[in-house]
Structures are given as structure tokens and as C-alpha cells.
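In the two assemblies presented below, chain A is common to both, partnered first by chain B and then by chain C.
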Partner chain A sequence: MPVLNDKQKLMRRIQQSCFALAEANLYLDSHPTCKMGLEYFRKHKAEKEELEKEYNEKYGPLTAVQSEGTKKWEWVAKPFPWERGEN
Partner chain B sequence: MENTEKDILERIFDDEGGTFGAMPRKLALAMAYVPFQTWEKPYEDDTALCRGTAFPCLDKPFIGEEAVKNARTE
Partner chain C sequence: MWMYEKKLQYPVNIKNPDPALAKVIISQLGGPDGELGASLRYLNQRYSAPSREVQAMLTDIGTEELAHMEMISAILYQLTRGLSMKEIKESGFDTYFVDHTTGIYPVAASGVPFSADYFQSKGDPITDLNEDMAAEQKARTTYDNILRLTDDPDVRDPIKFLREREIVHYQRFGECLRIVTDMLDSKNFYAFNPAFDKK
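And then the complex of A and B:
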């Protein structure tokens, strides 16, 4: 496993949360009232939102629409999330 | 849970104390069944992403190549 820098570590955690959400989605489609399943979903939904907020603050918008768009279009101001290299 | 949905599930599945079992109470002949998945403790997030599923019960790696290697030839 390559050594991940902070940005990549945070990205990995976002990917993990997003994957867990996809799994929760599939499970809840057939078990819509399962309390444990709903709890698992809520936990990862909150986690994902928090991690994305952290990513946006530290490394710029994770997706274009997560730009603030107040002073300038942040999406193009910093390296794109998938770009390797600095920061 | 809306009672209609609860009634339906209770009628179909073995109700082991509120959590629904995997198999329907009455099985009709000549019909295929897939056991109903019941909740279990999911993998940790990092493991789930690597295994491609959050649920151990669905973690079924294809072992074709190993199986062939172990196959007895004579």
C-alpha cells in the first residue's frame, strides 16, 4: 500500500463513507424499516457530510457544485481532487 | 412500521421475535427461493471498501482459479 498524504487519506475516508452509503441504500431498498440499517445509513450520511466539509475547507471543492462561488470560482483555483502532486 | 407492511412480512416470514427470518413459513413446490437477508454487524468501513461489500454474508469471492488448481486430477 503506497503511503498516502493527508489529502489522499481524507479522500480515502470519503470513499469509504460513500461506499457504505451505497451499501446502505441497496440494503434499505429491500428492508425499508430495518432500524439497524437506518442507523447505519444515518451514521455514514453524517460522516460523509462532515468529511466533505473538511475536504472543501482544506483542499477546495470536492465537486464543482461544492464551490462557494462568493469571490471566485474555487473549482478552478486549486488542483482538481483527482490531480496528484502538491497540496 | 405501517401495519400493512408488518402484516405482510409476518404472514410470509418466520417471525423470530420481531426480526424476520430468512425463509418464508410455507414454501410452495416447484418455486425457487432466495433467503431474505437479515441484518448483521457490517464490516468496518475500510474493510467493506476492500471486500466490495459491507455485509460478511454477501462476501463471496470467486475462487475459480484456486479451485481448479486444487482439483484432484486422477
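And then the complex of A and C:
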């Protein structure tokens, strides 16, 4: 495994928590009253929101609407994720 | 509607370009069991789904397939970076290069361009869900074949992730089929089309 920088490490945690959410989402689509599933979803949702907030503050927006720049449109300031080392 | 997130669902970081391998993996973008066809299949079928659960599943899996299309495209992009003309000719990538340079265009490994013929939207949820389950297995087989064709761990890692997703989606579509048949008369599930015929 390559050595990850701090930005990539935070991105990995976001990807992990988004993956947990995506898995729970599909499971809940066919099991919409499962208490354990709902609890699992809520736990990871809170975690994802916190991690994304940290990422936005340190490294810029993950969605165009998260851009907050007053001098420069931040969405075009950061690379897209298909570049090696940017995901 | 949709919103784009500037991240891959699972990381793709490939050290060594390999245009011959890109020419094979491109089938999971524009081939008969690729991610583009998967996404269009589910996102088109969802309107005639007879329950909220199945509508949600087709929407959410169809959306995830768009993220898989992006991962496959990132693999192709990174496998074809910085190529010399010698590498392009010797790898056999020249037959793709002549039409597309190193741009990403949905074709099968055979070179046949993507076609809507690769999927159906039949307006009958039992028919559609059986197609969806078969489609997930076909894509799983294609990923198995890709894994037989490369030793590069940087490529195998994201391909293994995508292969696993086919298995999970198969399971979820099976549950959807169960939800649909539970709404019907068990003596004959096929007596009428629950999305069209009025009971």
C-alpha cells in the first residue's frame, strides 16, 4: 500500500463512511422497518457529516454547492478525482 | 435530480500504464454487461415498478452504477496516461487510438460501440427484475474474467470491489422480486402484469 498524505487519509475515512451508508441504504430499501439497520444508518450518517465538514474546511468543496469563495470559485480550484493520488 | 460528488466510491490509483489492459477493461464501460448499460437499465425501469421499495432500489442501484462507471473510466484514464507512439502501436491500442486518441468512449472490448440493445425496460416488474438479477451475474462473470487477465494489484483492487457490488446488487434485486411476488396471487404470478393490468 502506498503512503497516504493527510488529505487522502481523510478521504479514505469519508469513503468508508459513505460506503457504510450506501450499503445500509440499499438494505433499508428492501427492509424499511429493520431497527438495527436504521440505527446503523443514523450512526454512519452523523459520522459522514462530521468528516465532510472537516474536509470542506481543510481541502475545499466535495460538491459545487459547498463552494464558499468570495474571490475565486473553489469548485475549479481543486482536481477531479480520476487523477491518480486525488481520490 | 442528481448531484455530483467530487470523489470516487472506491479509490483508483494505478502506477503503471497498460493500454492493452485498458482495451479489455473498457468492456465494463461500454460493453454488453457494463456499468453504463446497468445504470440506464435500472434508471429507466424504475417508473413501472409497483412498490416504493422497488422504486427506491432501482433508483439507488442505478445511481451507484453511475459511480461505478466513473471508477471504470478512472481506471481507463490512468492506464492510458503518458503513452509513447511505440507503446500505442505495440500494445494493440492503436485501433482505439485512431478514433478516440486517449479520450474515454463507451465501447465493448471488441470495439463495438455502446448500444441500448444491451438492456430492456419491459414495463413488467417480474420480467425486469429477472433481467436485473441476470445482468448482475453477467457483470460478475466479466469482472472474474478481468481478474484472470491481470496481475497488477493496483487494477485488481478496485475491480474486486466492483465484483463484490454485483453480488450485493443481485441479493437486493432478489429481495425486490420477492416483494413483488408477495403482492400477487401465488397460484399464478404471471396471470397479469402488475404494472399494467388492473386487477
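We adopt the following convention: the second predicted complex is superposed on the first by the 72 of 87 C-alpha atoms of A that agree within 3 Å, B and C clash if a C-alpha of one lies under 4 Å from a C-alpha of the other, contacts with A are read in each partner's own complex, and residues count from 1 in each chain.
To be clear about the criterion, a contact is a pair of C-beta atoms (placed from the backbone, for glycine too) under 8 Å apart; a residue touches a chain by one contact, two chains touch by 3 or more.
This one's a predicted model, so the numbers in the text were calculated from it and none came from an experiment.
K.L.:
Based on the superposed arrangement, let me know which partner A:P81 touches: chain B (first), chain C (second), both, or neither?
P.N.:
Only chain C; A:P81 stays clear of chain B.
K.L.:
Looking at the overlay, does A:L62 come into contact with chain B only (first), chain C only (second), both, or neither?
P.N.:
Only chain C is touched by A:L62; chain B is not.
K.L.:
Is A:E54 touching anything from chain B or chain C once the two structures are fitted on A? First, second, both or neither.
P.N.:
It touches nothing on chain B or chain C.
K.L.:
Who does A:G37 touch here: chain B (first), chain C (second), both, or neither?
P.N.:
A:G37 contacts chain B only, not chain C.
K.L.:
On chain A, which partner's contacts cover more residues, chain B's or chain C's?
P.N.:
Counting contacted residues of chain A, the larger count belongs to C.
K.L.:
Pick one for A:S17: touches chain B only (first), chain C only (second), both, or neither.
P.N.:
first
K.L.:
Counting contacts the way the document defines them, which residues of chain A are shared by the two interfaces, the one with chain B and the one with chain C?
P.N.:
Residues common to the chain A contacts of chain C and of chain B are 12, 15, 19, 23, 27, 30-32, listed in rising order.
K.L.:
For chain A, which residues are in contact with chain B within the complex?
P.N.:
Contacts found on chain A: 12-13, 15-17, 19-20, 23-24, 27, 30-34, 36-37, 40, 44.
K.L.:
Considering the complex alone, what residue numbers of chain C touch chain A?
P.N.:
3-15, 53, 56-57, 60-61, 64, 70, 73-74, 77-78, 81, 168-169, 172, 175-176, 179
K.L.:
Can you name the residues of chain A that touch chain C in the complex?
P.N.:
Residues of chain A touching chain C: 2, 11-12, 14-15, 18-19, 22-23, 25-27, 29-32, 61-65, 78, 80-82, 84-85, 87.
K.L.:
Touching residues of chain B toward chain A in the complex: what are they?
P.N.:
Where chain B meets chain A, its residues are 1, 5, 36-37, 39, 42, 45-46, 48-49, 53-55.
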